[in-house]
Amino acid sequence: MLQGFSVPLSPEGKSSLTNLPPWHYSSDCMAIEYWADKQALAELLPPGVILDPSSDGRAFFWFLDWQFTGSNDEITDPARYQYREAFVMVEATFDGTPVNYCPYIFVDNDAAMARGWSQGYPKKLGTVFQTRTFAAPSAAAAPLAPGSRFGGSLSVHGERMATARVQLTDKIEDPRTVFNRPTVMRRYFPQLAKAGQSRPPVDELTLSLTDDLAIVDLWGGSAELTIPEVFGEEMHRIAPVRVGRGFRFGMSYSVTDLKILKDYTA
Amino acid sequence: MLQGFSVPLSPEGKSSLTNLPPWHYSSDCMAIEYWADKQALAELLPPGVILDPSSDGRAFFWFLDWQFTGSNDEITDPARYQYREAFVMVEATFDGTPVNYCPYIFVDNDAAMARGWSQGYPKKLGTVFQTRTFAAPSAAAAPLAPGSRFGGSLSVHGERMATARVQLTDKIEDPRTVFNRPTVMRRYFPQLAKAGQSRPPVDELTLSLTDDLAIVDLWGGSAELTIPEVFGEEMHRIAPVRVGRGFRFGMSYSVTDLKILKDYTA
Amino acid sequence: MLQGFSVPLSPEGKSSLTNLPPWHYSSDCMAIEYWADKQALAELLPPGVILDPSSDGRAFFWFLDWQFTGSNDEITDPARYQYREAFVMVEATFDGTPVNYCPYIFVDNDAAMARGWSQGYPKKLGTVFQTRTFAAPSAAAAPLAPGSRFGGSLSVHGERMATARVQLTDKIEDPRTVFNRPTVMRRYFPQLAKAGQSRPPVDELTLSLTDDLAIVDLWGGSAELTIPEVFGEEMHRIAPVRVGRGFRFGMSYSVTDLKILKDYTA
Amino acid sequence: MLQGFSVPLSPEGKSSLTNLPPWHYSSDCMAIEYWADKQALAELLPPGVILDPSSDGRAFFWFLDWQFTGSNDEITDPARYQYREAFVMVEATFDGTPVNYCPYIFVDNDAAMARGWSQGYPKKLGTVFQTRTFAAPSAAAAPLAPGSRFGGSLSVHGERMATARVQLTDKIEDPRTVFNRPTVMRRYFPQLAKAGQSRPPVDELTLSLTDDLAIVDLWGGSAELTIPEVFGEEMHRIAPVRVGRGFRFGMSYSVTDLKILKDYTA
């Protein structure tokens, strides 16, 4: 009997890119608030999801250093299970509820890509860096303190897709004042057989379910963000027309389930 | 209207990991014939596919340097569309027809991964190298000539999964005497919503359809192949118990369609 | 006038792999104490450096996540200036003084390689990972606490060169009880012109000078370490015959100078 | 007795990044003729080397896919010894002789970096791709034939440094009509000890000696080349003001020696 949550299936399930949940995550995050062209944002949304009229085109660009573990001691195998990610979250509504929608996301690890696709995150490979906070004091330590500066970058196939900088000003006591929307995604898997190339067998609107979500050590500050045009990509269409605050924090949660909000194939 | 064959969908379809076929491929290939434990091979086969009783456990391990182009000048953007791959092909039968089945495959490019998943190739990321033949004469040129030596290697997350060497002896005029089986795969996409975690929405046996298949400049020779045990992988279960001949050749084809042989979800 | 500390020199000095000191560093470190074959260790030492007779063949294998900054805001450009490293330190003496000598070191960044060569660190490229401590609580967080488990790995050209695991037991108040030796290196640059191929123009014994050295948050615990034999490498000759304790800590210092202990070309 | 041409020295010399010559090379190459700002080119030249007054600011930008072998069967270990490179060659003169001078060069392999530094090539790490010619016929094959299109790209730390395209028009029978200058370089190794930070121990003008140089299958065509400005780099200062022809060819040679033209430390 073959085992595994994703391909490749194998007798013991070790070869699978990812095993069944629970999936546990902890991360360091840098997020930049910005506003983009509303028409460009709206074009990215799936049926039934509309731009949040109260947000005026607000989005957040995130950089994340992730550590993952499942139930097989993955935490001690960082070569396979530690990874970096960058994504955009667009403020939208679904059935009147404020949500974030993720149109673009990049990651440097194939297990994360497989887990992401199964949830609805449209992951591609990218190279992601963010300045880290180190405990040992130094001009190189980037402590969580007023004045500390952080940089973030995303590159795809050797082209710079996004560059950000944040300078901390103040600690924010209640993270829910900044981050308080659930995330919806489009879970999508195509059909290559010719008669079905326009009818994907999987095309759903999904809602991320995050157990034990924690956001810690949240700091705010000033920010810069650029999303240049790159040949063969379209993310620059939602480049900043205005940049807001920058944030630096830790985030953790576990995943065991997914909610399907809508089946577009029905 | 959002465009794209795979995620991420975008207004112009440029961001998609891969666009609609036709997909055109040309490659340099090194393949090593070997025999593995028959029980271990049989365990990898999906329902209805059985080990070819006439093959006695024969498989081929391939290394491929690929160049891809679609309809958007991808050939001149090698940073995104040139890639390397390694896989195993197991000799099996389906409905009495001799086929190859692909249980493990590794690639260094996300567009190739997305195209592969849509066909049924269970691709993971890997780092693949093979000795190339260069035109300019040198001890470093590896010409297609008797005595020339080639090496191949596959690494996954910094661990060596396969190492091969081939030394050429003779040109083979008719490639069909060596490579003559169609390839079948298991197209599989899981469900994360808890109630469906054991019922994948996509689970099919598929048949690769290759237009204008050409195999050129086929040489045979002696071969070595090792597939060591690596933590968190199972490919060593089908490591060689005996190694046969090695082959070096070019291969090209186009993909526009896929045949679905069996729907395991029905 | 061309500028730059290392090649390539350029009019403004921006292209140089590294500029003039000061160089500021902060890191997270995992180090494993072990004992190796004394003859194998002794063979690696340069003239005048002898194995510390009181150490009985003791060495440490380190994994380091580094952040670097110079005087040009490098801290906000982590794609270029954040990097990972692994090395061996062998307990030796020079002129009767206890020192560490570094025979093997691997890094994933070219600026770090250029700085290292200029000091005497014989750096090669490698891929290095270590489990990180994250602030947000999770099974994936690896806190600095009794029972926490960390892994480390070094790969070179897709082959695993070292794998380590540490499980924390206790905080160590005084880091000098564990780490208290200065580091000596062999600064070496060869001559390719035929008449001088056996007479390197630079061949010196050097002493690392570290300003403002700090070691913080030092924890000890149990450890595992393997250094397998890899084709084309010799580090396995100093593989563990016995493994001692494992350590997890932060370290920072600045570099502005280097002491030359001995000129072997004289 | 420690062995090895470069660091790290080891008892058997296997760990060394590179062993003593002979070094044998074969490559596929794409080169674009262009003209840059003469003042910007002249600023890069070392003492005694002057811009060739008859060249009017001509330079060539090269992309190279290399295969290397020494005397230890390196050809069958492509994971370590196959690599890609990109560089600029500026037309200059030294003592009245027409030469090429190499101010910038990027490579994706540490052994190539070590060999390069020992010759005087100021190598940094980069990611290099060029379209390849494959034998199996396909829209993806890029044959050596009129109309075939090739692309090349160089990225450094995730930023695109150069992008080129060539479309072939005609075969060139005599390569010496295009490529006929020897290459001179600046061999340079710095001193970190404070008193000597402005007095590098190695600072020489060198001449590349290439045994058995062969250029084969040379085709010419039309070309495009862009060298954008990238933060922390200066290569854009010699970006094209005009682009000439593009070339595609194979090249091989061996290295056993180096000629030192001038010692700048004297």
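Chains here go by letter, A, B, C and D, matching the order in which they are written, and residues are numbered from 1 within each.
Everything that follows uses one rule, which is that a residue touches a chain if its C-beta (ideal position, glycine included) is under 8 Å from a C-beta of that chain, and two chains touch if they have at least 3 such contacts.
Worth saying up front: this structure is predicted, and the values here are computed from it rather than measured.
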Third chains touching both chain D and chain A: B, C
Proportion of interface numbers common to chain B and chain C (over half same, under half different): same
Reference chain B; chain at largest CA-centroid distance: C
Between chain A and chain B, centroid-to-centroid distance (C-alpha), Å: 31
Averaged-CA centre spacing for the pair chain C and chain B, given as whole angstrom: 39
Multi-chain contact residues (two or more partners), chain B: 77, 79, 127, 129, 153, 155, 157-159
Touch list for chain B against partner chain D, complex: 24-28, 65, 67-69, 73, 75-79, 82, 127, 129-132, 134-142, 149-153, 155, 165, 212, 214-217, 250-254
Footprint of chain A on chain D - complex, ascending: 127, 129, 153, 155, 157-160
Residues on chain D engaged by chain C in the complex (per definition of touch): 2, 5-12, 14-15, 17, 20-21, 40, 43-44, 46, 77, 79-80, 103-105, 109-110, 113, 117-119, 122-125, 157-159, 186, 188-194, 197, 201-202, 206, 231-235, 237, 255-260
